[in-house]
Structures are given as C-alpha cells and as structure tokens.
Amino acid sequence: MLSSSIKSAVLPVLRTFVRFKSKADVSPSTQRVIGQMSALSASKKQPKVIRLSNEDLIKHKSIVNAWNLYRRRKVSRQRDQLNKQYQSIVDAMEDLKQSEPELYVWANTKQTNKKFPLQLRVPTDYPPSQPWVYNVKK
Amino acid sequence: MWRKTASKYSLRAIHSTSKCLTTGEKKVWSELSSRSSSLSIKNAKIKKSLFEGGKPETIVNIERKAAYYSPVDIDKTFQLAYDELARVSGDKYALVDELKSQLTSETDTEIKAQLEKKLNKALVDAEIYNPEVLYNFEYDSELIDASQPVYRKLLHDKWKSHDLMVLMQRLEQLHVIPDTLPTLEPKVEVKVKFPHNTKSEFSSWIVPGTVLPAFAVCKPPTIEITLFDETAVTDDSNSSSLYTVVLVNPDEPDLSTNSFTTKLHYGLSNVPLSHTDNQIDSGKLLTDGEEFTFSSYIPILPEKNAQIQRACLWVFRQNEPLTIKSCERESFNIREFAAIHNLTPVGAHVWRQTFDRSVNAIREQYHLPRGRVFHRVRRTDPYMG
Amino acid sequence: MKGRILGRISLRAYSTDLKPVVSSTLLISRTPIISEELTAFESQYYKYNNELWKRLMWTFPKWYYYKDGTISEQMFKELNPAPVFNNPNVDFPNGRPEIRQGRDRRFKQELKLPKTYSTEVERADETAAESSDNLSRKIVPNSRITKADETKDLTSLERKLARTLYLVISLDGNKWSLPNFEMSREEKVPLHKLAETGFQSIGGETVNYYNVSNTPCHLHHSENKKEYFIKSHILAGKFAPVDNSTKFMWLAKEELQEYLEGAYYEDVKHLFNDV
Amino acid sequence: MSFYSSVSELLRPVTQFKFSSLVNVSQVRNATKRVSGSRTNKNDSAGRRLGPKAYENTFVKPGQIIMRQRGTKIHPGENVGIGIDHTIYALEPGYVKFYYNPFHPYRKYVGISLKKDLDLPTPHFEPRTRRFGYVELTGLDATKEETRMSRKEFLATPKLKALQEEESAFAHKTIEYFKEQLSEYKDTVEDENMGAERLFKIYQLVTVGQPLEQAQIQATFDYLWDLKLAHNGADISTQREKYLNFVEKFDNTVSVDFSNLQDAKLFAYITPQARSAKKQEITNKLETSYSNKVLKASEKSEVMNLIKSPGIFSQKEQTDLTDTFLPKVLPLDVPGSIIEDVDTKKPPKGVVITRVYDAETKTLKVVGRPKEVYSN
C-alpha cells in the first residue's frame, strides 16, 4: 500500500510518464529471461581496474602491513590470556587435589543435565530498546 | 592493559591526522643522525606526497596527474597505519640498542656471532615495514644500499622469488650440474653482462641459458656478485671474502675419444668483494685486472656443426688467498681445481653459444687457428673413451 | 564409603587448626550486549576497505529492478540523473569520464533509492504506537551510550554495554572485593554450591545466572585463606543487597584495577576480559 | 658440497638385477577354461611378438629396437627413446643395461651404456658420459660446408648486409661530424681521429643505457683490449700510457650532448658536481619564474632553451620538464588562464571559447581562454 507521502512524491513524476512499447521483437517471457541473465553477467557492469600510483601502492602495502601486525598482536595477546586462564584452572585443581580431595571430586564431577542458557545473546551493533531484563520469574 | 595503550594511541592518532613527523613515536623513522640516509626518500616532493597526500608526484604528466584519483581515505588510513608500524619499529630499535650494548661487553666469539645474527635480524625487522624503504626498493634503485641489512633482505627475497628459480632450472636442464660440478647450493646472485655491446639486445644482463653470438661475447664480461649472507662481510684482512671466478666450456669436441673435454676460458682469483663493492667490471679490470687474472679471457668460439656449447661460469668462495700462476686451458678438470684449492662453489651462471658468421673474424683477432669443420650428419661411431 | 572419607577429612581438619580456610569467590560477569568498540585504526581500516569494495562493485542492474516505463523507474531516474557523457568537444580538467550503463566506471556508484517514508512532514494523527507498527518508517538505531553511562551510575547493569562487567561488593563501604564466601570447617559443600548459596544469601535471589562450571578457575592464596574462583554469568534480574549497608558495583576491567587491592588485582587480572 | 655428501649415500644405485630373472617367470593362466568354448572365445588373434629384442650387455646401434611392449612395462632410461606404441629403441651405440632408478624405485628401466663396464644408472652427481659423433671434414669439403647457409640465413643475408652498410655509413658520418666539431678544440686535442672515434663509441654505449662515466671507462677498456690483441702478447705499456694520458686530457676538455644527436653539439666538459648544481639552478629558475602562469611565446622559447641546455639533462628528464612546464593545455587553476565574462558569440582576438566540465556543480561551463594556454 502506497502511503500518502509516496503518492505526493509520485505525482510530479507522472507528468513525464510515457508507456513504452517493447523495444525488441521478443516475447515478454524471453525478455524477462534476458533481463535476469544480464543481471547475473559481468558484461558492461564491471568497474575500471584500480591502477594505483607508486605512492598509493606503497601506502596500500603499508596499510596492509600495519593491519597484519595489529591483528597478529591482538590475537597473540588473546592467546596468551587464554593460556594463563587454563594454567590457573590446572593450578587450582592440583591444589584442590592435594588439600581437599573431597572438594576435588565434587569439582571434577561432570554436570550432565546442565543446559546452555538461551538468554545469552550475541552482541549486536546497536542495543535493544530495553537493554536489560530486570524481572526474573523463578 | 593493552586497551589503555590502544585508546591513548588512537586519541593521539586522531589529533595528528594530516601533520606528520611531529609526535615522539614517529621520530623512529624520521631521525637520520643514527640511520643511513638511504633509508629515506631522497626526492622531497615525493616524500611530501607520500605523507601528506594530494596528487602523486611520481606521475609527471600534468594531464594524467589531474585525471588520477587516489582511493578514498587512503591518506588518513595510511597515517594511522604509519603510527602503528613506527611503534613496532620503535620496539625493535630498543632491542637493537640493547643488543649493541651487549655486543660491546661480550668477549666470547661464539656468543658474539649469535648476538650479531640477532642484531642483524632486529635491524631488518626495524626497517622492513618502513614505507620509505619500500618505496626506495621498488622505485629508486639508486638508493638501494646493500650495506643496510634491510635492503639485503629485500634483495634476497626478490632474487629467491624469481631469478634463483630460473637459474636453477637452467643449470639442471642444461646439465651444467652435474657435468661441471656435482651440485650447487646458491649463496650469491651472479649476474653477467657484456658491456662492450652497442646493440640493445646484447647489452643488458643475460638471462641464464640464452644463446649468444660470438661477437656479443668477444670481450670480457662484467660480473656482478651480490652477497646476501652476513658472514661474508669483508674487511681487507679477512680472507673469506675473496672469490674465484672460472668460465669453462664442457662441450669442447675431443675426436680421439669421440667425446668432449672441458676447456678453461677465463680465470680470476683473489677478487675481494663486499656488499657494496660487488662488481667485477671494466674499471676494476683496467686497474687490477693483471693481479686477478690467472687465465685471460678467450671467448668460446664453437666450430661449424659442433652443435651448441655451454659457457658455464662458476663463482667460488676462497678459504685462503691463492697463488695460481697459470692453468692449462685444455682438458681442464674443474672438480679437481675446486678440490685442490679448497674452493666452495657459491654461485653459477650459464649461457650458450653456437657457430655463427662472426666466429672466424674473432678467431683471427685472438690469433687462434681457423676452426675445424664437422660433417653436419651425426655418425654412429661408438664412444672410444 | 563416602561417609568414611568425610569422617577422616573432618578428623584431620580438627587435628590441625592452622589449616587455611577454604572459601569460594564468585566471579559473576555481565557479558557485552553490543559489539566491541573499535580503535581508531580499526574503524579507519574498515572504512578504507569498504570504500575499495564499493569502488570495485558491479554496476547496479537498473533494468532488472526497474522496468522501462514504470512509475518506479521514473522515480529512480529523478533521483539518479545520468552523468555528463564523454563529449569530445568539452574539456574535462580532471580526466575524461568513462560512462557504462549510466555509471562512471572510475568511481564507486552512488545510488539514491526512493525512500519509503517522507522526510519533511509527520502525520499529525499518527500515534507513537501506530508509527512503531508502520513498516515503512525510518529506521533509527538506539544509541550505544545509555542513560547509565551519562549519569555514571556504577551500580547499573545498563552501563558500558560493549564491555564485560564484574560484580564487586563492599560490606563496610571502603574495602571493595569480589563476593567471597567462607566454608565452615564442620560441613563441606561443593565450591560452586558454596558460591551460589552465598550469593543468594547476600542479595542474589532476584538474579537469573548461569554457573559456567563446577570447576574453580583460579586459586588465590591469602594469609590462612584459600580463595577458589567460580565463574558465572548474570543473564537477567538485578542484584539487590539484603543488607542495606552492603554496597555493590558493576565494573569493567580497568575500573576493577582502581577498586581492588593492588597485589590481589595483579594475581587475578588475567581472569577478566579485555573486551 | 655438504648437500652432496649428505645425499650421495641415498642415491647410490641399487644393485642391478639379472635380466633373466625378469623374463623367466613362467606364464600362469588363472581363468577357468571351459571344454566346449564359448561364443566370445572364438576370435583368437595371432601373438603380437612382444618382449625384449636385445638383452643385457648386447651391443646395439642407434635406432635398434630393444623392447616391444604394451604400456611401459619397462621405462626408457639413458640414451634410449620411446615410440608411440611404447617401443623402446636405442639412441646411441652401446651396451643395453636393465636397471632400477633410485628416484623411481618401483620402475624397471632400460638404458644404453656407452662402455661395457659402465653400469647404469650413472651416479646422480657424476658427469654424464657423452658421445660426440661428428666427423671432421678437410679440404674443399670443409670450405664448402663452412660457407653453407641455412635457408633462413640465406634469405636474411641481403637484409643484414643492407643494415650493416647503413650502420657503417652512420658511423662514418657521425665520426666525420665529430671531427669537424673537434677542430674548435685544436689546441688541447691533438689526435682528432682518435677523439672522434672515442666520442662515437661513447655515444653508442650511452644510447644502450650506460651512464656517461661508465661509458668512458668502457671505451678506454675496449680500446686497450683491442690494442693488446693486435700486439699478440707483446709489451704495450708505452701505448697504454699514451692512450690513458690522451683520455684523461680529452675527457676533461670536451663532451657531447647525447640527449639529441640530430643537433648534437660539443661543449666544454663540466664535472658531475657542477652539472648537478646547474641542474638545480635551472629547475629553480623554471619553478620561480615560469611555473603557474600564462607564458608568452618568447617566454616559452626561453623555457625550451633552458631545458635543452647542452649536457645538463638526460632525455627522460627533458621530456619530464617539458611536460611540467610546457604542457599541451595549461590547467584551469593557473591564474589568468580563464576569462570568465566573455561574449561567446563574438570573442575578442586571442581568446578561444571552450566548454569545460565543472566537477563541483557537475555541469558544463562555457569559458574563454587566452590562446597562450595551448602549447601550439
């Protein structure tokens, strides 16, 4: 359904409105297939190849270099943190095994009927209208 | 923790979008008192257009320059990228300073060698991402300074990516190895050209395996030997930096055995080479030629119907200064020669020659007898060796 | 069997009074709700690549979406007038155009599509509810900065949506720490149970949370006390302290550094997320 | 060498097998055979006479067939060829050897060894044994064979000859021209012939891309090398000394502008330092007084003269400078290159009416431009 604002936008267009006859001597169905095929094909739709000047090539290379270094640094930092976290789990469990064998057994028991909570969400670019749910039904 | 530094850095980066060379970190690559001037762009205009944007100065034609469009936002992104790279380089230079101070206090030669290796790597890492170095390497060959580790690394990588593969392919397919020497572990780049040529097709560097006419090789070649490994740094007392160059033809017909012998065509020894002084050219031959040459240059002049012949140029690294008085040219045994003089093959080159109309004139010039003529059909007489 | 073990352990516990107290610390976090904040370099790099990608995009096949001679095609044409063609009699000081299919191939194609809403006039009789139901309305995303950020309310769960927040409490209003619960020497309970019941007792009744594991993720030694850390995520609800004197805050990693004791923070900082 | 020693162990040839063990396997038919036969078993064909035709250590001549087979039961090794039907034949006269190749351990090979006691395969790092096979001609046959041309060479001969003549004519003309010009420097250059020849050699070397300094060294080297060859080992130190003295004097006296030989002019030698200083000076002058403004015809010729100053700029630098300071059409942002308010119907004298695309407004503008903005 066209809203009133769209109708007002269309009206000035109508004055230049001309209904064309089909240009080619092909049936409408064939014409449709041609349209669909041409939408998929590359002919005439490709942009010009980017030919960079010497300076810009160096700039582009440097940008890519910097990005690779930056990513590498970030990933290695994350990996280091995960390694530390894993090590501290191992340390805690070793200690527990020595000092509190009972607690160690409990801490090592597999929780079989535990489910991943559906309420955990993947972060989005913009927050929902109500960022947090406060009422909890138990 | 890293987040804090990152946000601090990003704030600074926003303030210095278009102005460069102002902040502390950027000094790493703009400071030239302790760094070689070959590590920065010589042309001030190009340097400005690299760091401050605008139409590229490398496009000289005014119309093409006006019609050129840089990718959107490339300058701003480049500035931030430059900050990031310079920061990493700053860390590397800190490591360089530390290693240098360690080197001065260290006395054990073995540890010293290891430290030097580390220092060299740190020096490469500190400059390998410098946009100015990349620019000079790609577009300003005059500024490629082989005394800088970073340029050596770039040259080495470029050589390995193409020229080395071409050379090894030709050496194997033309059976230079194992017909002359068993094999080659290439350590240096060997380039050959004949600079006396006044025709453009023969005057530039020779691609390994090319077939050349006799007139194109009638005077001694210029040989460029690019050293990549750090151990080969020369000072005059260090004898490991002396090189021997030998040109042999393993296809000299030997009718007595119905086979071939190897002939020596050119022999140089005790040639001192370094990273920067790496050419054996006419100038050097003019001044020190007598001293180096133990077997003067005679071009390979194939006889009619003797088929295509290979000119195999071998470069050896010497372990000590040699005293080779003279050498028998005929029936030259290059394996024995290398073994006797304790030579390590480090590089090679090959081109090919066959009979052409200029051979006879050059034979006369060199006071050689007229070449034999062979029947053009190959017979079935057995091998007699 | 189990009884025997229990008995032995309790016996041993009585025998040495110096044995450190076992306690459980709850590391309860609110995971990020919105995506990570980008650094200046990251956002600039994405922008740059996006521009390159747009520059290399194929030309929009107008004829496929807008049939010749229809109203929508007319509207499209009015919004996207054809560029000046490469007229040999005209000087182009900044390079001659290369027009293919109504696009200058040298640049990215900037398309204007007919809008589904009017930009100028708001319908007076349209209520808020009606406009939110209207599918053709203009889409305006919510702000990434919330009210809690503006008022600097450290107790709110709606602050710093892009970061992971951790709960810290203070019983006396001065010393801040992660919620810690000591185990009685008489009766042993699993560490995660201890943390859960402790948390509920101080005000976690109204919280829907998810305990990641029953395995402790860290052990912190302090004088005569062992703190085992249990990881947990808050999913919904609100921490409401039972005791009015108990203060609490939801803090990100850098803020925790300010409120927690120095040596303690250094020991546990790798447990906190940078994002 | 170290690589060789580490690998040579691995590449030692596998012991040769006796050929008899290859062929002495008696044939076994495993398929059941019906007594009465069947419809598909009636069209029997004659045997194909496959198998080895020459055995271990047999002497064979080139072209002789060694093995007939379906598929490569035995692969071709050294000095043998393989036909379209996998027939293996000899390429060299010698002794047939069957062997295994360490690089393809599951293949059987046959090859030809040029000597009876040489085993195959040839060790990987050893030189190949090769046969020359051509017979030397003497007397008239030799002369005839030497002058014999291939068809390609024969057809190209007249063209090559013409080219050679053209080259020598050009050389002669240029040397004469240089001699003429050198007469100006008579008091310092004693030997005009030698000087002109040297200049021509340097010119040739510069045109193939050598820098001037290197070309000078090369010209000296070539001269001395030819001198040495001409004297055939005799002592040439006096001539050498003489030529080197001449070169030193000559190169410091005169030089030629090689950027355009059509109107080449000799000029007094300038040192590289002086040249780069002059370069800088001219570029500065061009930038300060001739850039970013509309130039009159006289000014244009001044600019051209500055760019073409002999011996200062290379050919490439000259075109670059011309592109920068004398472009075909002056850019629009140069002050005075646009006359906005102009009667397009009746433009004043010396004004050209053009249509210009304005990128900001994306429209066409009609403007007047003075004639001087166009280079011609």
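As written, the chain order gives the labels A, B, C and D, with residue 1 at the start of each chain.
Assume a residue touches a chain if its C-beta (ideal position, glycine included) is under 8 Å from a C-beta of that chain, and two chains touch if they have at least 3 such contacts.
Here's who's who by UniProt: A = Large ribosomal subunit protein mL40; B = Large ribosomal subunit protein mL38; C = Large ribosomal subunit protein mL46; D = Large ribosomal subunit protein bL27m.
Not measured: the values here are computed from a predicted model.
Centrality by Cα centroid goes to chain B. No other two chains have as many C-beta pairs in contact as A-C.
With each centre defined as the average position of its C-alpha atoms, the distance from subunit A to subunit C rounds to 15 Å. With centres set at the average Cα position, the gap from subunit B to subunit C is 55 Å.
Annotation: 48 Å between the Cα-based centres of subunit A and subunit B. Distance between chain centres (mean CA atoms), subunit A to subunit D: 52 Å.
In subunit A, the residues that reach two or more other chains under the touch definition are 50, 63, 66-67, 70, 77. Among the residues of subunit B, those touching two or more other chains are numbered 2, 66, 68, 71, 74, 77, 80-81, 84. Across the assembly, subunit C contributes 41, 45, 48, 52, 55, 92-94, 106, 108, 274 as residues in contact with two or more other chains. Viewed as a network of touching protein chains, the structure does not reduce to a path, ring, star or complete graph. Contact annotation for chain pairs lists A-B, A-C, B-C, B-D, C-D, with touch applied as defined.
Interface residues of subunit D facing subunit C in the complex, by the touch rule stated above, are 329, 331-332, 354-357, 359, 362-364.
Residue ranges on subunit A touching subunit C, taken from their complex, read 3-6, 8-10, 13-14, 16-20, 23, 35-36, 38-39, 42, 44-48, 50, 63, 66-67, 70, 77-78, 81, 84-85, 88-89, 91-93, 95-96, 99-103, 106-109, 111, 117, 119-121, 123-129, 131-136, 138. Remark: subunit A residues 50, 52-63, 65-67, 69-70, 74, 77 touch subunit B in the complex.
Across the complex, subunit D is touched by residues 83-84, 87, 89-94 of subunit C.
By the touch criterion stated above, subunit B contacts subunit D in their complex at residues 60-63, 66, 175, 178-180, 182-183, 185, 195-200, 203-204, 219-220, 250, 253-255, 258-260, 281-283, 285-286, 304-307, 344-345, 365-367, 372-376, 378-383, 385.
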